[in-house]
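Below, subunit A partners subunit B and then partners subunit C, in two separate complexes.
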Partner chain A sequence: MSLLEKLDQLDRRIIFLILLLLCFFPVLMPLGLPVPVSPATTSAYNAMVTLKPNDIICMTFDYAGGSAAELYPQNLVILKHALKLNLRAVAVSFTVGGLELADQCLAEAGWGSKTYGVDYVNLGFVAGTETGMAAFVKDIQATISADARGTPLSQIPIMNDAKNINSFKYLAFTTSTSQDMYVRQFSGKGVPIIGCIQSLYFSVLQVYMGSGQIVGFLNGLRGSAEYEVMIKELGIGAISMDQASLTHWFAVLLLIMGNITSYFVRKNPRAKGGK
Partner chain B sequence: MSNFMRTQFPIAIFIICQFYIFFEFFIPIPGGPALTALLGKWVVGVSNFALLLGALNLIRFHGKNIVQQTKNEWYHGAIILASMAAMFLSGWFFKPVYTWLYANIYTGLNTALMCYVGFYFYSAMYKTFKVRNFESFITLFACITMLIANAPISGTVWGLADIGVWIANVPGSGAWRGFLMSAALGMFAVAIRAAMGLERAYTGGSD
Partner chain C sequence: MVDTLQTALIMGTLCALAWSIMYKLNIGYRFAEDLTVGVMGGYILYSISDNTVSNFINPLIKGDMLSLAPIIIGVILWGQLLKPSQRWVARAPLAFITGVGSAVALKGAVYGNILTYIQSMATPPGYDPYTLFNFIIAGLATITSVVYFFFTVEHKGALLPVTKLGRFFMMVAFGSVAGSSVLSNITFIFNRTQWFVVTPWAWVPLAIVAMAIVVDLVRTGGRKKS
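Here is the complex of A and B:
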């Protein structure tokens, strides 16, 4: 069996092993590969720094544990930045799994040092997906009666200033599924919209950014790393960038190698079963 | 339940609500926005009931498997129902336990499942993503350029990431807009069918 044939029939466990090494090696020995900041992240950052203290931002948490590796660091870094700028925050989720993540993220970002209900609130889960969003945009208190802790919204001071989408000066939606409904419901209302997405949806958000329907977006873990670089507070995003660079290039290598070997093996009659 | 209550009545409610919301969007009606907002609020309420219905259905399905000791299935049902009960009861009575279960078990398992899929993606890239015709070559080329564009280090080499970004911005945007337009037209066609009472799947019909 020639080398090309051996490569063509490469045991997938070898690929798994190399991938594992590429994931673990940079964590143990960081390479410090550069992280250039993309225009989408710069726009998201700029939309935040133009806000004044006490302005209210809204952030949705519409994902569960499986996508948290990519999306949670984005929420974390934006909330850390908002805290630095003395903004107020409203968290809400349109999927069931997001409620706990919002609590966890607010605590980890340091919002515990602020007063719950005055400076920040977690509104919890709003059912109805897109219809829920449409209702939320028009009138928050008519859509939900209590926050995630069960306190009526009428007794939460921050909600006196957060009546509908126009009360927010910045809205970041975080989702692991379709972004279209967020753009449909939130954009065009005069509020800068930021998308926090998995890298998978990079090209979709590019479209919305190009059309001006969103101001900027964070592209997966890379987006959070770029944002961490911009606010000079390195976290899990920046730590993971060596892994991201290596594993992406490994994928490119696999695609090219897989095609080259298969091309030459197809050309070789022996590999087709001939003598 | 009579046929009227089972099929015609839900369709009538649907058609009235659909027409009202559709025309209220274009024609100013006094008090119209308030009624639309109220309808939206009702949808939120009904969606909550749908969650409850889902939970009850899960209990019914797996409960039946457990009671009947269905081979190779009853213990899966038992694990699901036990997990469900643990999350429900802890969420209701012991919030710290619920938070711990969510952060350390649910999130971990969910992430592990995604990672597991990720490994197979890599294997599939090598084993199955082969160029066999022009279309697959285009797909492969777009895939490689997007991977390069998404790798953070590519941005440090002039022009390397730009091909992928251009593909996303120009042909990708065009294709996506076309897709969105066609999907919107499709949704409009479905809405017209529903308004004419031709879409009956939600009443238990066949179409």
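Here is the complex of A and C:
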């Protein structure tokens, strides 16, 4: 069997093994590849730095553990930046899985050094998805009776300043599914909207940013790496970019190799056992 | 996140078992998969129940009779599980929920998904050659793609190249999404590899699973089951 034929019939387990090794290598030996910053991330960053101390930002956690690998670092870096700028944060979730992630992210970002209820709050899960969002936009206290810990909102000081969407100076939605409903309900209310999305939806949010419905967005793990570069605090995102570079180049190499071997094997029927 | 030895070993084992699908389908992978689905289902059930109790049951107990309405609607919705001849009871609440949801979506859709796009396509974002060129391409793609879905007239004659161009632009767009999806899915493994490296003792279950794979490879000679 020629080399091309062997490559054409390459066992996929070998490909998986190489992929795993390429993922482990940069963690053990960081390459420090440069991370250029995209305009979308720059816009998201600029929208945050224009805020004044004690301004309230809102962040939605609408994803479950399965998508956390790509979305959690984005939330983490934005919350770290908000903490640095002495802002206040309101976390909310319109899907069931985000409730615990919000608590974890706030703690990991360092918000434990602030006072819960005064500087930040986790409002928990709001049922109804888009209907819930519409109600949240209009009147938060009419939509949610208590926060994630069961404390009535009337007893939470930060909520005295957070009545509806216009109380927020910055809103970042994080979702692993459709972004349309967030843009439908949150945009056009005078609040800068930032999208935290998986790379899969990059082209969709480009359109929203082009039309001015959102101010900026973080494009998956790369977006969080870019934001970390901007706030000069490298973390999970930056490490992941070395891994992303190696694995994506490997994927491109496989694409090229697959096309070449497929072309030559098809051209030579004897390679497939034909006459 | 502080990982104790127990957490590291349990999580490491489940992850290693899940990764074992890359070698071949096995009982360890099935166990990890079923456990994940079961725990996720249980957690969702807990969250929804907790939400229902705190937002509707507790206010009702405290005297807020308005909370009775969503509870009644929710209970009647379970009529979907009745016999086919009795399922009609669930139609009204379903219609109510669908109607409200559609109205809410439509309210935002007219401005958010239609008018804003028309406005942005009508106004170039800049007048330098690069931006103008992109704007023209975007406009061309939009018009030709919309024409592709115009089925009132048959796509022939002068309309044929327009629809073909629209189909080409849509293929490029879908290809871009598919490519992004592939690259996006690879990122899920990054977090786990980082976790395996930084968490003490997490590598132990991974090493055990790797050794089991090597033993199986030696035993079967690397042959895949057909």
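The definition used in the following text is that the second predicted complex is superposed on the first by the 274 of 275 C-alpha atoms of A that agree within 3 Å, B and C clash if a C-alpha of one lies under 4 Å from a C-alpha of the other, contacts with A are read in each partner's own complex, and residues count from 1 in each chain.
Basically, a contact is a pair of C-beta atoms (placed from the backbone, for glycine too) under 8 Å apart; a residue touches a chain by one contact, two chains touch by 3 or more.
The structure presented is a predicted model; accordingly, all values stated were derived computationally and were not measured.
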Checklist entry - Is A:Ala134 in contact with subunit B, with subunit C, with both, or with neither (first, second, both, neither)? => result both
Next on the checklist: Applying the document's definition of touch, where does A:Leu10 land relative to subunit B and subunit C: first, second, both, or neither?
Outcome noted: first
Checklist entry - Now for A:Leu79: first (subunit B), second (subunit C), both, or neither, which partner does it touch? => result neither
Item to check | Touched partner set for A:Ser145, first subunit B, second subunit C, both or neither | outcome: second
Next on the checklist: In the overlaid three-chain picture, which partner chain does A:Val265 touch, first (subunit B) or second (subunit C), both, or neither?
Outcome noted: neither
Checklist entry - Touch check for A:Val27: first (subunit B), second (subunit C), both, or neither? => result second
Item to check | First (subunit B), second (subunit C), both or neither touched by A:Gln198 | outcome: second
Item to check | First, second, both or neither for A:Met230, with subunit B first and subunit C second | outcome: neither
Checklist entry - Is A:Ala109 contacted by the first partner subunit B, the second partner subunit C, both or neither? => result neither
Checklist entry - Can you list the residues of subunit A that meet both subunit B and subunit C? => result 16, 19, 64-66, 68-69, 96, 104, 127, 129, 131, 134, 180, 199, 202-203, 207, 210, 220, 244, 248, 251
Checklist outcome for this item: In their shared complex, subunit A is touched by residues of subunit C numbered 1, 19, 22-24, 40, 43-44, 47-48, 51, 54-55, 59, 100-101, 104-105, 107-109, 111-113, 116-117, 119-120, 125, 173, 176-177, 180-184, 186-194, 196-198, 222, 224
Next on the checklist: Taking the touch rule as given, give the residues of subunit A at its contact with subunit C in the complex, in rising order.
Outcome noted: 11, 13, 16-17, 19-20, 23-24, 27-28, 64-66, 68-70, 72, 96-97, 99, 104, 108, 124-125, 127, 129-131, 134, 145-146, 150, 180-181, 183-185, 187-188, 198-203, 207, 210-213, 220-221, 236, 239-240, 243-244, 247-248, 251
Next on the checklist: For the complex, give me every residue of subunit B touching subunit A.
Outcome noted: 33, 37, 40-41, 43-48, 50-51, 98-99, 102-103, 106-111, 113-114, 119, 122-123, 125-127, 129-131, 140, 143-144, 146-156, 165, 167-169, 172-173, 176-177, 180
Checklist entry - How about subunit A: which of its residues touch subunit B in the complex? => result 10, 12, 15-16, 19, 33-36, 38, 64-69, 96, 100, 103-104, 126-129, 131-132, 134-135, 138-139, 142-144, 180, 199, 202-204, 206-207, 210, 219-220, 222, 225, 241, 244-245, 248-252, 254-259, 262-263
